[in-house]
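The data blocks that follow each hold one structure.
Presented sequentially are two complexes of subunit A, the first with subunit B as partner and the second with subunit C.
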Partner chain A sequence: MSDLNAQMVEKYRNSFLKEVEANVEEGEWVKMCMQCGVCSGSCPLGPYWEHPPQEIFMMIRAGKREEVLKSESMWMCTSCYNCIVRCPRGLPITHIMHGLAHYAERLGLAPKQNPTRRFALMFWDNIAKHGRVNETVLSIKLYFMDGFSAGIKRALEMLPVGLGMLKAKRFNPWGLFFHKGCKGKRDIQKILAKAREIELAKAAKFGG
Partner chain B sequence: MAKKTYHYYPGCTAEKNASASNYETSVMAMCEVLDIELKEIPDWNCCGASIGYAGGGELPRLAMNARNLAIAEQENPELDVVATCAACWLAQRETKERLLEDDALMKECNEALAEAGLKYEAKQRVRHMVEVLIEDIGYEELGKHVKKPLEGLKIAGYVGCQTNRPFGIAGESFENPKYLDKMIETVGAEPVEDYEKKVQCCGGALAFSEPEKSQAMIKDIIEAAYDGGADMIVTPCPVCQMNVEVYQEQINKRYGTKFKMPVVYYSTLLAVAYGKSAKEAGLDGQVIPATKLEEIAKR
Partner chain C sequence: MSDVKIGAYICKGCGLGDRLDTAALAKIAEREGKAAFAKEHDFLCSEAGVAMIREDIEKEGVNRVVIAACSRRAKTDAFAFDGDGVAVSRANLREGVIWARPDTEEARETTQEMAEDYVRMACAEVRYMTPPQPNPEAQTNRRILVVGGGVSGMTAALEAAKAGYEVTIVEKSGALGGWAAKLHRRVPDHAPYADPQETGVEAMIQSVEADPRIEVVLNARITRTSGAPGRFSADITTESGQTRTENFGAIIQASGFIPYDASKLPELGYGKTPDVVTQLELEELVRQAGGGPVKRPSDGKEVRSVVFVQCAGQRSDKEGHLPYCSGFCCTASIKQAMYFKDQNPDIDTTILYTDLRTPGYLEDFYRSGQRKGVIFTKGVASEVKPANGGGAVVHFKDLILDEDVQVEADLVVLATGMIPNSGVDIEKPEKREGQSDEDYQKALEEARVRMGLNPGEESVLNLQYRQGPDLPKLRYGFADSHFICFPYETRRTGIYATGPVRRPMDITQAMEDAVGATLKAIQALENAGKGRAAHPRVGDLSYPSFRRDGCTQCKRCTVECPFGAIDEDEERYPVFNESRCRRCGTCMGACPVRVISFENYSVDTVGQQIKAVDIPDEFSEKPRILVLACENDAYPALDMAAQNGIHYSPFVRIVPVRCLGSVNTIWVTDALNSGYDGVILMGCQKGENYQCHFVKGSEMAHYRMGKIGDSLEQLQLEVERVQTYEVAITDIERAPRLINEMEQLIEKIGMSPFKF
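And then the complex of A and B:
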């Protein structure tokens, strides 16, 4: 168990709902869900979710901490915002799903092998370092995330797509070696470090 | 009409040789005709897109967006910020609204921005290029510049998600927005009536990480366009454009379909209708050639 996770278990012993309200983006909305299920029925990947949003909200209130935070479900959010615009209670469901996924990641509970989790972390790493996306590095890293031989297989599968993009001048092979990113990348790194520091300090203070 | 000037946030996909560089090309051609001046935000950074949340969380993600807005505000607080990418627009607008309505969050965000000597006050409007076309220019004016009507073309207006939800375009519904159809009519083409997958999700970033699930949805989007008799699909979003266009061969293999449906941007249609060459309209950036548009551009 990670240190942060152990601390949180101790602190919110009996109330996962309170923990979510204090630590998860837009978590204070969870208690407003009236279990109508419109979100679950509106989700484009709904059929694949082990626990659709409506169920996740009830599980939070029922204190099913491990099941929620270790779930693959939130990682299937495509950010289509269908649930948000249809929710009769106006819950920012997409943001809550993102917030839960991020919180689970911070606690070290997120499912390690989930492909969207891995891709999303690579993506953040890519932009936090350089300020802008380097599409070339990002796609190569994605193909090779399961090792060299799996990477070669995936890269070969993707070759026709890549060649099509290259021909259309929408893929930059030189990006592997050179991508200027932002001039102010140092500034961006400082802003991000400070923002993270503030967020963690706030989480540590809350509720007590 | 007098020249209109905006701050411009192109976003990562618009960079040279990036996945939506053809969108950028067509936007520039379109704006030249409409006398729209775009002042690029100096040294803009990524918005975090739809998957930045995993590593970024709330405040770092908001601060990253606020950096762009703060720079734009510093340059000229009178000008609106305009984005062409759906995710860029959504993230910047969300940042502005969240910070405006939450003083504590605004204070924290400015504390982070101060590390780079910046301050954000949320003075400017954050808009999508489509809003500029509809609200500041208007369909009538858009139509006046048409030199080569796209007659005989039937086009499926695929709006997708993030230009439509959660903010959307004023006066449009989430379930059946009509603005792309109206633009199609404005350039002299015929929109597919009741295009069933108009606001269906293409999978977004999951097209990379969960390709099978994503491609099942893309297949439906293309199939519905064929069912409606479409010659091509038009979209306002770089991720929609790429996802729906470039995986058609893989989808054909997986499902035994024979898709070869061009997918273009609204700005491509306008640029061609305004008499721009195929290259100026970014048609050389198609993975699946939009042959019928190329023919019109050549006339």
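And then the complex of A and C:
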């Protein structure tokens, strides 16, 4: 358990809701859910979630801290915004889902093997390094994230698509070796570092 | 009838002139209808047309007017000649004939025959009508009796006083204000609907006490009520036993509610620990705290956590529970949770609900509760147990997370409901001689549903009506009102129930409700003063009377009048209290010797119409179907069907009736005897969810028609020839279909053998 995590448990023993409000993006909306279930019914991935959004909100209010933060559920969100559009109470559900996932990751509670989580981290490293995504590297890393043979298999499966993209000049194999990144690469890195600093300070404030 | 002079006016407008031979109709009115004269007019409802009729009334002495034009429901203002010695009858040639028939060559003959019959019928009807005179016994009394001094009663009194009427409030307790006076705050009634607000009861009591038009009698009950709208007489008896008698024009019953007895809920911990309280008891705790932290009753510890259990003993089929939703308690719990949150946001407040009911703008109040951090949990409490060291543990099933859980709280508040305080069950079943045990049990069960948990021990009004001392109840003990069409109208004219005695409601709703009831009471007493019906036949001057020497004292009319308008005198003859009467005619339909009639609506006015129809012989292939249609729903439905271009059989002759309850079986048997091939009765929905304007009229008709089989058998006629249907005003496709089905049926079983 990370330090931050331990602090949170200590501080918000009875009120996970307050913890969420303080630390999760748009978390202050969770209390406004009226449990109508429209979000869960609207989510294209709803049937595959262990706890669809409505349930997650109820669990937060019921103080089920571990269960929520360790859940794979919010990692399932594909940002389709169906739920936001439909929620009669106007909850920014998509953002809350990502906020929760992010918070769980920060606390080190997020499920390690969750593919969305792994892809998200990969994507972050990739873009944070150059200020611009290197698609070639990103896809190769993605294909090979479960080991070499699985990677080869996936690459072969995708070969026709890859060739098609190559032909249409949508795929640059040279990217493997050269990637320019964006102009103010250094500045971007500075900005991100600063943002992280602020975020940690804020978390520390609530945690400490 | 020597002075009857009929003028018949046949309109040629609206396509009538093109589709019908109006000259022939005029001839029929004169020759067969015995009209003094018949005139055609191109546009009868125009100024010129109306002026022509007026002139005939004034100069020619016409006192019976037949308007052969559109439906009686159209152009009522133009053709309002009745009163002042003139009676009007309308032959419905537009909606009833040309619009109900296709405009084709082959339909022409039967369409014309239809129109001719309607002209004959209108002439026959008007001949037997007497222009109604206002009742000579009419009295005006501009004083209103309000029974109950709670929020509903006080609102009613203040509103009536503002409108210039005198009021007497009779309150059984020693103070005005009722339950609302016991509240710390109330649920808000205006924007932004965010916080609990002052109850305003104190101010209201002050206005009542300061109003010179309002008299308040505390510690008093009504020990006798008699009379009728405009001339009610009530005995007001105070606790000390003193009685005075006062007269009133109308009565508003605002007798309120009795809080549900929470000791019936031991499973929810009530009575097992003082830390389980009802909402009303919490109000008291909060008042005691006087703005400071609320203390736990068991040990005086400051309350840090509260759980509200919604629907405690409500919305449940369990014995001793209320089957209905009391409607106010969800928002009351939100308000009470705010008492805590506003005092200290760190107090945990959880509202355990299955469906949160926050009608109207109170949805904003719900949001405000959420914003303040009240936790709403969808779940059902199964058990509440005292906790070790004070407080209680609530066991419940979380319905979203689908698991059984428990929470501990310093205080548990039960949202219990309202039981109407509506007096005794006037239909209390007594075991009758010859009644089977099974039937008696059924009657008892019905009474249980009718009265719910209403104790029914003490009468509120002590009415000296034949039908019993209080208002009738329909379900769960609430004073019956016409839920669908006329929510204020009880079955006792001039007596209006308002507030939670009528249905469960909160303060805002009760205040609105009381305004409505007050306006109704004013309407009733003003109309009574003019000898006119207040409702639903507003302004009707006619009222029933009976021929004493023919009456057999069978009491059917007294029993069957849905409104308790008829009493009995010492000789057991009926006494009609005209201002209680709604003019439905159910008594007229009930009377086996047919001695009851209205001036303008009687066994004859309808019977003669039925007789006036031309019945072609058996071999003509032109059957005749009589429809007796309720003028409130079925008749408009048929009019609207025609307006929508829906056609129906040309062999039908439709007679509107005030209520199906006014149908005397003699009309049906006479019709069959004189050669009609089929008879259809169309009335409103009956039973528990009745839509009948006169509550029981349609039910009575169905009951009576259920017995007509014997007469049909005697005539050796097929029972299918008489059909009774429930028809709603929206049945514009079904009503014509029912007629057409009868035509098909007759085709199948053959024409009546009774054609002469």
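To be clear about the criterion, the second predicted complex is superposed on the first by the 205 of 208 C-alpha atoms of A that agree within 3 Å, B and C clash if a C-alpha of one lies under 4 Å from a C-alpha of the other, contacts with A are read in each partner's own complex, and residues count from 1 in each chain.
Assume contacts are C-beta pairs under 8 Å (C-beta built on N, C-alpha and C of every residue); 3 or more make two chains touch, one makes a residue touch a chain.
Not measured: the values here are computed from a predicted model.
Undergrad: Are subunit B and subunit C a fit on subunit A, or do they clash, once the structures share the same frame?
TA: By the criteria stated at the top, subunit C and subunit B fit after superposition, with no clash.
Undergrad: Measure off the angle at the C-alpha centre of subunit A toward the C-alpha centres of subunit B and subunit C in the combined model, and quote it in steps of 10°.
TA: For this superposed arrangement the angle is about 80 degrees.
Undergrad: Just subunit B (first), just subunit C (second), both, or neither: which does A:Q35 touch?
TA: Second partner only, subunit C.
Undergrad: Is A:K141 contacted by the first partner subunit B, the second partner subunit C, both or neither?
TA: The answer is neither, since A:K141 touches no partner chain.
Undergrad: Given the touch rule stated above, what does A:H98 touch, subunit B (first), subunit C (second), both, or neither?
TA: First partner only.
Undergrad: Which holds for A:M58: it touches subunit B only (first), subunit C only (second), both, or neither?
TA: After superposition on chain A, A:M58 lies in contact with subunit C alone.
Undergrad: Which chain, subunit B or subunit C, is in touch with more residues of subunit A?
TA: Between subunit B and subunit C, the winner on subunit A residue contacts is B.
Undergrad: Report for A:A128: first if it touches subunit B alone, second if subunit C alone, otherwise both or neither.
TA: first
Undergrad: Which partner does A:L17 reach: the first (subunit B), the second (subunit C), both, or neither?
TA: So A:L17 only meets subunit C here.
Undergrad: Where does A:N172 make contact in the superposed view: on subunit B (first), on subunit C (second), on both, or on neither?
TA: Touch partner of A:N172: subunit B, not subunit C.
Undergrad: Just how close are subunit B and subunit C at their nearest CA atoms in the overlay, in Å?
TA: When the complexes share the chain A frame, the smallest subunit B-subunit C C-alpha distance is 19 Å.
Undergrad: Once the two structures are superposed, pull the subunit A residues common to the subunit B and subunit C interfaces.
TA: Common to the two interfaces on subunit A: nothing.
Undergrad: Quick check on the complex: what are the subunit B residues that touch subunit A?
TA: Of all residues in subunit B, those touching subunit A are 12-13, 15-22, 43-46, 48-60, 62-64, 67, 108-109, 111-116, 118, 161-162, 165-166, 168, 174, 200-201, 203-206, 208-210, 213-214, 217, 242, 246-247, 249-250, 284-287.
Undergrad: Please output the residues of subunit A touching subunit C within their complex, sorted ascending.
TA: Per the stated touch rule, the residues are 14-15, 17, 31-32, 34-35, 54-55, 58-59, 61-62, 64, 89.
Undergrad: Please give the residue numbers of subunit C that touch subunit A in the complex, ascending.
TA: Those in contact with subunit A are residues 348, 356, 366-367, 370-371, 373, 375-378, 398, 400-401, 405.
Undergrad: Quick one: in the complex, what on subunit A touches subunit B?
TA: Interface residues on the subunit A side: 25, 44-45, 48, 76, 78-82, 84-86, 94, 98-99, 101-102, 105-106, 115-121, 123-125, 127-128, 131-133, 135, 139, 142, 157, 160-161, 164-165, 167-172, 175, 182-184, 187-188, 190-196, 198-199, 202.
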